[in-house]
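Comments concern the structure below.
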Amino acid sequence: MPSIPQTIIRSQVTQALAEDIGSGDLTAALIPENKQSTAHLICRDNAILCGQDWFTEVFQQLNQQIQIKWHYSDGESIAEDQCVCTLTGNSRDILTGERTAMNFLQTLSGTATVTASYVKHLEKSNIKLLDTRKTIPGLREAQKYAVRCGGGYNHRHGLFDGILIKENHIMAAGSIQKAVQNARNNSPHTLKIEVEIETLEELQQALTAQADIMLLDNMSNDMLKQAVEINNQQAKLEVSGDITHKRLKDLAQLGIDYISTGAITKHLTATDFSLRFES
Amino acid sequence: MPSIPQTIIRSQVTQALAEDIGSGDLTAALIPENKQSTAHLICRDNAILCGQDWFTEVFQQLNQQIQIKWHYSDGESIAEDQCVCTLTGNSRDILTGERTAMNFLQTLSGTATVTASYVKHLEKSNIKLLDTRKTIPGLREAQKYAVRCGGGYNHRHGLFDGILIKENHIMAAGSIQKAVQNARNNSPHTLKIEVEIETLEELQQALTAQADIMLLDNMSNDMLKQAVEINNQQAKLEVSGDITHKRLKDLAQLGIDYISTGAITKHLTATDFSLRFES
Amino acid sequence: MPSIPQTIIRSQVTQALAEDIGSGDLTAALIPENKQSTAHLICRDNAILCGQDWFTEVFQQLNQQIQIKWHYSDGESIAEDQCVCTLTGNSRDILTGERTAMNFLQTLSGTATVTASYVKHLEKSNIKLLDTRKTIPGLREAQKYAVRCGGGYNHRHGLFDGILIKENHIMAAGSIQKAVQNARNNSPHTLKIEVEIETLEELQQALTAQADIMLLDNMSNDMLKQAVEINNQQAKLEVSGDITHKRLKDLAQLGIDYISTGAITKHLTATDFSLRFES
Amino acid sequence: MPSIPQTIIRSQVTQALAEDIGSGDLTAALIPENKQSTAHLICRDNAILCGQDWFTEVFQQLNQQIQIKWHYSDGESIAEDQCVCTLTGNSRDILTGERTAMNFLQTLSGTATVTASYVKHLEKSNIKLLDTRKTIPGLREAQKYAVRCGGGYNHRHGLFDGILIKENHIMAAGSIQKAVQNARNNSPHTLKIEVEIETLEELQQALTAQADIMLLDNMSNDMLKQAVEINNQQAKLEVSGDITHKRLKDLAQLGIDYISTGAITKHLTATDFSLRFES
Amino acid sequence: MPSIPQTIIRSQVTQALAEDIGSGDLTAALIPENKQSTAHLICRDNAILCGQDWFTEVFQQLNQQIQIKWHYSDGESIAEDQCVCTLTGNSRDILTGERTAMNFLQTLSGTATVTASYVKHLEKSNIKLLDTRKTIPGLREAQKYAVRCGGGYNHRHGLFDGILIKENHIMAAGSIQKAVQNARNNSPHTLKIEVEIETLEELQQALTAQADIMLLDNMSNDMLKQAVEINNQQAKLEVSGDITHKRLKDLAQLGIDYISTGAITKHLTATDFSLRFES
Amino acid sequence: MPSIPQTIIRSQVTQALAEDIGSGDLTAALIPENKQSTAHLICRDNAILCGQDWFTEVFQQLNQQIQIKWHYSDGESIAEDQCVCTLTGNSRDILTGERTAMNFLQTLSGTATVTASYVKHLEKSNIKLLDTRKTIPGLREAQKYAVRCGGGYNHRHGLFDGILIKENHIMAAGSIQKAVQNARNNSPHTLKIEVEIETLEELQQALTAQADIMLLDNMSNDMLKQAVEINNQQAKLEVSGDITHKRLKDLAQLGIDYISTGAITKHLTATDFSLRFES
């Protein structure tokens, strides 16, 4: 599971440490400067781990002597109350970094864990669960990585690496046909063209325009069935809107290719971790 | 409701735009360069609004000509399906900024709204609901502002503006007495001294040490009642651990001063907004 | 012709001004503080204009009162010795910014102009001329914009927005078949899969693997003809390697889709501009 | 040959990597995470090497375990098809950094090589070849270093470390005499005063004003001969304008001190390198 | 004596090196590239040492091979002409960093030394000497650390970690009573409330309002005596205004708690250091 | 009096505001959001004003509506208790910026004022008073500007814009002769060569080597007289070491060209300003 570029991680950690430490950790001064500690990170939930590189980077930036021994890898499932890793090193620096390191881990593991809970319903199908651009500001790439750790797949990362033609673009171009053609002429040839579709008529038009991917938005299961028939394997079909755990079972039967949902990245249920110091 | 320093907002928006736009908005090229639009931001949930300054800053950075007319202010309650604001200006730039602007608004309004749902249970008491340092990395100050918009209060912002003596600090100092004394001698005299308390015996020791605030962590309601009696108005009492909506009613009766919970900032239920363009 | 995100331009101009002005323009002190001037920017070559936003930004950062009236737009052809724009404002600031502003314009117009000279040979065909990642460090997006101004098209902008499977990737995956499959499974579904092809046998394998685009590298015209036949409209064909003005005419006849060349961005023939002050 | 401050190199490399890698190298995921490779960098042209520190820094920032063994040093002449250096380390990281590292090397070696081709014509004289401020935006110091590697010398680095009085400064001051005096009174006393001269009359005035260096701009060889006589060893003479390979031979005989030309830094002929992996 | 967060030190050193080295150390080129030296840092004054981390960081950023052996620690008293530390390593890099490293040391030791000279007069009392926000721009945290090294204590670090109600705040709130109440309701509960007091009447009002700390500004010794009586141990008393060495003796007798003065950080008497190279 | 590049000022102000405001001005919340005030800046000392651009920039960054009307310009002499400028605008923002703005003004005016006190002793001579590189870290360019405001002149700004050959450079090169020659061959030809001289013998050697400027360091007045004779107008003479107000009168008679002293920038006597609000 390749993580994201280290420079992004480095800069996010620097900022998070700055907002927590600011002009200095006032309480840390109570700990003798050279005291050493061993501490165990315990996961209090059943969860998918995500965020090791951020956790490690926090302590790297504070004190390169702190050692971390990991017992799980990103993407692995952890049972409640298991020990995730063990830290050894300067007590003061471990305490100063503790909250920032855990904030990354609880946020990203939370996203991976909820993603996995959706993916589970699609296991027997070939459908891929996709994320969206509805992410927490500043954490786009980190959350997209967490989605991958949870077994999901990434839709485009931003406006720069994918074409998604929506209602406003179609109206401005005059028709789906013209919008698709226009996009194909002006975008890097390495990109497919995706069109947001709200009616079966629009689907027909987009097929005529030879769009590569259809984003079927807010359609009922019945309507989706018709769409699958009309499409007849011509384009890839992505479904979005009202994606609940309950509905996933039904969607898994429909012959679509992708399901995308903002819920896995815009909502957040932090995983519960705690750090226990050896006495 | 004073917002947070503009430089923090500016830099967060710049980063969020960069991660979404990157090398450029490929689909925006389908919109004619000088097309003008009017669009209405609709709130799809009952919510407390939070994040106007970030929303505005997104469009400021993209195109200073875009006008935004707000119908609500941060901290105000919005009923489902109301129009929050109206944007007028260059269509391409409104579309390019739409997702980033809404990501800030949905995240921060989500935090404000959940905070308000906790605060509601404390309305008839004098107890203040406090946040913690369990926040989403990079959004510490923004979330603390959202907590204020939701009717909550801020605990210390980071390690730099408050003393909170925990188990490790006490063990290192030798006793609660020594830890409190040590902290009082070395911290800015403008700060109170808070001690995390897990037993009634510790409470007694901390009172003897004249700590200003007691953080009563993970105590049962019964134990809290005893603590209130022992304290006898000497120190301020803050309660944390297992803070649920259900338990708040009981806690409201106990004569404590503050309740703090990480749940309002580490979990997140994004508020649902959508942007409707006038045709 | 949409330009690149303004934040990129802003930051490039800030850096370029810093490296030229440093601790201050020592000679500018000879010009009276409030002197006003009018100056005309003359293009000394036949060229395609590119870089207006950078040129303008230089003076914006130095003095927002300086007015620039443009007589041409980016992408337009300028004949030798024509006046490109007229500046009016504080003499000292115009002199301080002159060299930095012209360095951007001469570099980017140079790239646009050489691109146009290649594109000219393909005018009667449907072949698109593409750039590569062989660019001047720090100017990737700026040069890609210059290529568009010159009538060329952009290949992927970086490693993040396109899949290009090369020899090393194939060896690591075991076969073209496996590499393509692997890439399709793990990349955003909005991206096409391109494979670098050196033999007709590899072409056959890549067609079997249903790769979307074939990068035919360093093939003779004869070999390319065979490739076109074998391909039989299945995949898009891109040709690279040894792309000279002379050879373009022949390539234009072959039925391929794209020609890509590093020469238009890695070499540079700066366009000659001069700034003439009205006396 | 002292290189430029490491902080400048570090920041240029960080930016160049960011514009190439962005949200991540999509194709690199095809390479197994722990695969090791050895690769040889081959120079395809006769060239002067320049840019080792940038090349090295690229891989340092990606993976500090990658080893580079250099067979040549910056400023040395390399014959076509020689191996410049050998890299050993993680395959994926070598592939991710390959293009960015080579873009620096091909750009800077290109500048060093073209500089050396000019310098060659001046070998038997004492004339120094100087660069100008006509550089590629963002690469001023890097190119000035490349000029030194090619045997050239640096004119002032920017507006901050040299006084060059041009036509506009003279007009504003009223006369060459006044401009020189004014400059001498107000600039750091460690700087010489240089004046741009277009006529022999101006030369006479600048000599009277005791300017230290005369920049003889766009003069014919005959006019230059007269200038040398008039100057009679009083000031240093620098010649600029229409500096071609062909004309250098003649200029070398004239008794001038410096020749400056923008051509060596504003135009660019990238040196051709390729990276060959051991199979 | 815990120093300040390393990221602040790192960034201050990077900036200071940039403003001194800029495009490169021109004179350093006279030193052979691989020459090694040993140099001794001598303190020319009786002083309190402060600034080791900055001094060390300067050479770390230039050349990680340079070794520094310290003979004193921050906060220790050094007699005139003692050797503070010994550097061993690359001569050129030691020379390049010398001035920047010493500028930090002379500035911060200067602040520590003057602080110690004030603190000396308070040794027999329990009064703490406090700094203020009257600091040198950019060096707030560094100077606050120097104050601690000199035996002083820190008042609030900025506007973010302390409440100090001044005349304008009182006027805006309507009364001291209302201002204190308002502040108590809206600030983090971990902060005490301090009020600036100019008359004994105001003191009485602030006591009624239960402010925690009284800043008695510009009062005569007699008036201070009355204030101490009126206060009668209720609030903490801080005295500011016209704090001279001479007056400190008298103030030490008055029963106040803190004395704060801007003089120790806004004025500066640099400590004299010199670096002697072994020949 | 041209100030320093605006980007340097902007960045210094941003940093200074950040270190003072951090997560927000807690006390400012006591002031009603829309309250307007008028405030007068009073200078409490006889001083030379310096720092207007920084003062203005502080309020620009906080609130662009705040108006400042200046009654003096940088470099002008202000008598005690005069009003320097008047601010009108939002009360809360004026209070938030007050300390940061005044910290710049008191620091830079302090440097300008002490410079003027030295310059006064040289008024009847042609000797220029020069600063050095002994400056407060982060404020090099700002202090050099303050020196100019006080009537002094700038020595080199850093290691990048001047050659100063010291003892270590001479030892490394082998002799003064070789060091000067080496420097002349390798530095930009726009720079003069200065040599630090400690004995008359060294002066003789440096004259033979045709160094442009002699830095006569730590010589007695008698020795300086001999140096002036030996020099006999060949090189420029700069004197440093033990420069006191008292000695300046004698030095003014000696026929030297420049006097340089670190005292004007390494020590600091802040000018006293206060801000009075209209009630």
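Letters A, B, C, D, E and F mark the chains as written, and numbering starts fresh at 1 in each.
By our rule, a contact is a pair of C-beta atoms (placed from the backbone, for glycine too) under 8 Å apart; a residue touches a chain by one contact, two chains touch by 3 or more.
Everything numeric in this text was worked out from a predicted model, so none of it was measured.
In terms of the stated touch criterion, the partners common to chain A and chain E are B, C, D, F, listed by label. C-beta contact counts were set side by side for E-F and A-D; E-F has more. With centres computed as the average of Cα coordinates, no chain lies farther from chain D than B. The chain with its CA mean position farthest from that of chain A is F. Two copies of one sequence, chain A and chain B, touch each other mainly through matching residues, since over half of the numbers at the interface are common to both. Centre to centre, using the average C-alpha position, chain A and chain F are separated by 53 Å. Spacing of chain B relative to chain F, judged by their CA centroids, is 45 angstrom. Mean C-alpha position of chain B lies 33 Å from that of chain E.
Multi-chain contact residues of chain C (touching two or more other chains): 19, 21-24, 28-29, 141, 157-158, 160-164, 186, 188, 191. With chains as nodes and touching pairs as edges, the resulting graph is complete, every pair of chains being joined.
The touching residues of chain A, counted against chain D in their complex, run 2, 4-7, 140-141, 144, 157-158, 160-161.
Contact residues of chain A toward chain B in the complex are 12, 15-16, 19-32, 35, 37, 54, 91, 95-96, 99-100, 102-104, 106-107, 110, 133-141, 157-169, 171-173, 179, 182-183, 186-188, 191, 262, 266-270, 277, 279.
Contact residues on chain B toward chain D in their complex (touch as defined above): 19, 22-23. The part of chain E that touches chain B in the complex is made up of residues 128, 130, 153-157, 160-164, 186, 188-192, 194, 213, 236, 238, 257-258. By the touch criterion given at the top, residues 14, 17-18, 21-24, 28-29, 33, 61-62, 92 of chain D touch chain A in their complex.
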